[in-house]
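This report concerns only the one structure given below.
Just so it is clear, A, B, C and D label the chains in written order, and each chain counts residues from 1 on its own.
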């Protein structure tokens, strides 16, 4: 029973949502709408679960004094302070302490973290991106055209040439035809993969998401 | 069991198409009523009433029947005559006896409106008046009208049909695979590359590094990666080559432990399994990449295999591995990371190849069924695209328009 | 590997310093390179220009601070465009970090154009659920977002009295950094409810969406900082994106040089190794 | 002197909290960049700070923006005059079930909630992908204009149609890639490589833009060197 009920729920909810897509009748859509609102609530709970897990991991790390447990303290303290300002008793609006922490701590941390990649990509460009085959060569040539054609520099470099020989035109043509075609092929293939997976889940053939233990 | 399903799906397909055809007849427009025109001279009086008002079910056989489309002729004083029409009031009522309430105030010059969010299928009475800011003209009415309640979105018939064909293919092939039929899947060249890489590591007496990505355990790329890991582990177990598996997720680590341990047992080398080589490094993306790079520099693996879900760290890993001179084979369906793997690795399994490799190795019926079903659906797709393009070029649009979903 | 001086062995920190200089120098001393406009950006701009004044448009903010440099200028420029053309704006976010980021652009612009909260614009804030939330909005936007970002119930917001579902929205501008984002909006909203949809995405995502542009599922596409800069150019209001374009040009040139140099060094070393 | 004053007080009229904010942001930015020299405690500190703040932020937003308006208010409207929406007890129970995962003895109940979400997502994905990424793409490919727009446009459009088919053939696994099929597969890989090249170029562009954004913050908001 511990497996059958969830599988039945999955099947019924899935089937009903499929019907909702094809049948515009109001008796279906009214029920479906309320169910979608439930979906947002249950998904919120699943995110809560994720954050809860994070707390548990760091708590255990501190309790067992694992490597780097000091940093786990930082994590939990930072979290508590921010929650103190933004919890049920606090406010998250513009101008609040919570908002200040978001704008002046979270924003710079997160955006700087990812801007590191500019450096890494430059270093990899020099040290690892190789014309190891005809295919990789084609890739790099297309990449170089796009890199130059997508910035004002490309326009400057081919200024004066006929329109259809300029880097911006070449870039847009690559994007609109071969790039579009390949991505459309990938898109359709991926769509089939997702649909097959969805079918298996709704029919209960795929049940790994329920976890291992009985 | 599966046969019942197929029959059910086929029956559903037939039934829905018939139903769709039956319901799809367009609603006939309601005949409008002529209203005598009152010629009104000047601004102290109301403007002339608008011309004939027509109301009909919104011409879309796919809606829930909650929309009514209205058209009217301009008042003679709108843009002409005494030129004093400021706009129109559209009235709606559930009974013929009262004008009901104003549902819309429309600017002068407009002759069209779609009234929405009505009770599906209910009968409504509409009337329209012109106003000049102070005075309102006589009302023009039309016959009662009701939205048509549809049971099937006919514009989505092509989606349903192709979906059912595809689902049928997937289920048939899954059934065949379960029955033990030989389903041919070509060998993915990337698998040979993996085996060569492991072979070379053995020759050099150096370890193999296998990174299963930083996806969670429920990510299908991670799942595919674990299947390939099992294959790799069997080879390293036979050759007695150390296999290092760094992970970014605790759950993936325990899964990887299981997979590797079982692979070593299966080839009769349970003692060669070293649990210390399956490691959890860090959940944080860059910390994980940094730690893996550390392993590359210290333990000098001769083969680096990256299989699974990768994000921005792909670049850091492949660069360091390249620098260290290892043979590198990658596989991911993360399209934005593929370019970096292609240029920095010796071989790359791209997109669906990763899933195909895992189906090829595991021979699991549900994976094979999906793979074969998708394959033949691609054949159908190409045939449809070519046929459609030719017919469209020649001007036969009926066929092509059936695939239009909006 | 060959001995002695090897071009390939330079410390990567030298590369890092070069990149830093290539970014900072053009920011301090701008080169003012010319700007062209690509068709997907032009189409987006034209579509918005054709929306009648007074219509309600939606800004869907689905990004977080990490991609702000690319996407915040798009948010800014779209809101400026909408307010300039007297369009009313409903903001809805599927990413938790978006509401305050959009708010940061919204409040000063509303001041500048004299727009009133709740009448000319409303920020509905964040709602969990991703794709399911989008479908919920297709049925009822007020039921899906029962209150705005500051907690005011939608029934007390005048603008929301005119918004039931996507039938009331003339155009949706989706600012997207990943999932849920442009793909989900195309799948669940544009396809299902036939809304005109434009998208501003990170550069990383942009190539993936060209099939949607070709098919007309997206009326236009802003790809990365360049897309944002082109949009700023069309609106004749150059902002941070335009100012960043010089640095972008210089760094791209530097990276192209790195790729070429790296390959030359590699093949030279290989030839030497073989001989 | 003037510049130093600006650095610590901001342009005239700037509230102190804003200036302090810039300083905190700048210090955190530099902490992250210290990773470029090498991994170090300062970077690790900043990183763990980030994880904690991110989690707190998400929790607070979930509570204020989703759980209150969607669940708590409908069930406990208090003095607001709204009727109680009893039907929301169902998702409320499912949400509680979901959280029971933390208690090993009751964690099996969380599968009910999981089954609900997974079923809903699967169906919604099936129809979304089937319509937008499959049928709509077939339709768009079929209707690629082949008799207007001049010779070059027609050639490019034919290239696009061939490219879509060749890419699909490359990802076809039921036959060996030999003969004509092999030829098309080969063509498919060229299309893929050009697309990956484009993707490469765009990714470089994106990463560089992020760095430009940070530098604009450092040079403009914090140091007041640029406009």
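Here is the rule we use: a contact is a pair of C-beta atoms (placed from the backbone, for glycine too) under 8 Å apart; a residue touches a chain by one contact, two chains touch by 3 or more.
Not measured: the values here are computed from a predicted model.
S.K.: My parser should flag the chain pair with the most contacts; which pair should that be?
M.R.: By contact count, the leading interface is A-D.
S.K.: Specify the chain most distant from chain D by Cα centroid.
M.R.: The most remote chain is B.
S.K.: Hey, how far is the Cα centre of chain A from the one of chain B, in Å?
M.R.: Chain A and chain B have C-alpha centres separated by 15 Å.
S.K.: Report, in whole Å, the distance between the mean C-alpha point of chain B and the mean C-alpha point of chain C.
M.R.: About 21 Å separates the centre of chain B from that of chain C.
S.K.: For chain B, give me the residues that contact two or more of the other chains.
M.R.: 156, 163, 286, 335-336, 339-340, 342-343, 351-352, 378, 381, 405-406
S.K.: By residue number and range, which residues of chain A touch two or more other chains?
M.R.: Expected reply: 21, 29, 36-37, 39-41, 43-44, 47, 92, 102-103, 106-108, 110-111, 113-121, 123, 125, 127-130, 135-136, 139-140, 143-144, 147, 150-151, 175-176, 179-180, 183-184, 186-190, 192, 195, 197, 199, 209.
S.K.: Name the residues of chain D that each touch 2 or more other chains.
M.R.: Residue numbers touching two or more other chains: 35-36, 44, 47, 51, 57-58, 61-62, 64, 66, 70, 120, 124-127, 129-131, 133-134, 136-141, 144, 160-161, 164-165, 168, 171, 192-193, 195-200, 202-205, 208, 210-211, 213-214.
S.K.: If every chain is a node and each touching pair gets an edge, what shape is that graph: line, ring, star, complete or other?
M.R.: Basically all the chains touch each other, so complete.
S.K.: Quick one: in the complex, what on chain C touches chain D?
M.R.: Touching chain D: residues 13, 16, 19, 23-24, 27-28, 66-70, 96-97, 99, 125-129, 131-132, 135, 145-147, 149, 151, 153, 183-184, 186-188, 190-192, 202-204, 206-208, 211-212, 214-217, 223-226, 240, 243-244, 247-248, 251-252, 255 of chain C.
S.K.: Help me check something: in the complex, which residues belonging to chain A touch chain C?
M.R.: 21, 29, 32-33, 36-37, 39-41, 43-44, 47, 92-94, 99, 102-103, 106-108, 110-111, 113-115, 118-119, 121-123, 125-131, 140, 143-144, 147-148, 150-153, 155-156, 159, 168, 172, 175-176, 179-180, 183-184, 187
S.K.: Which of the residues in chain C end up touching chain B in this complex?
M.R.: 1, 164, 167, 191, 194, 204-205, 208
S.K.: Spell out the residues on chain D that touch chain A in their complex, using ranges where they run on.
M.R.: 17, 20-22, 24-26, 28-29, 32-33, 35-36, 44-64, 66-67, 70-71, 87-88, 90-92, 94-96, 98-99, 101-102, 108, 110-120, 122-127, 129-130, 133-134, 137-138, 140-141, 152, 156-157, 159-168, 170-171, 188-205, 207-208, 210-211, 213-214, 217
S.K.: Where on chain B is chain C touching in the complex?
M.R.: 116-117, 325, 335-336, 405-406
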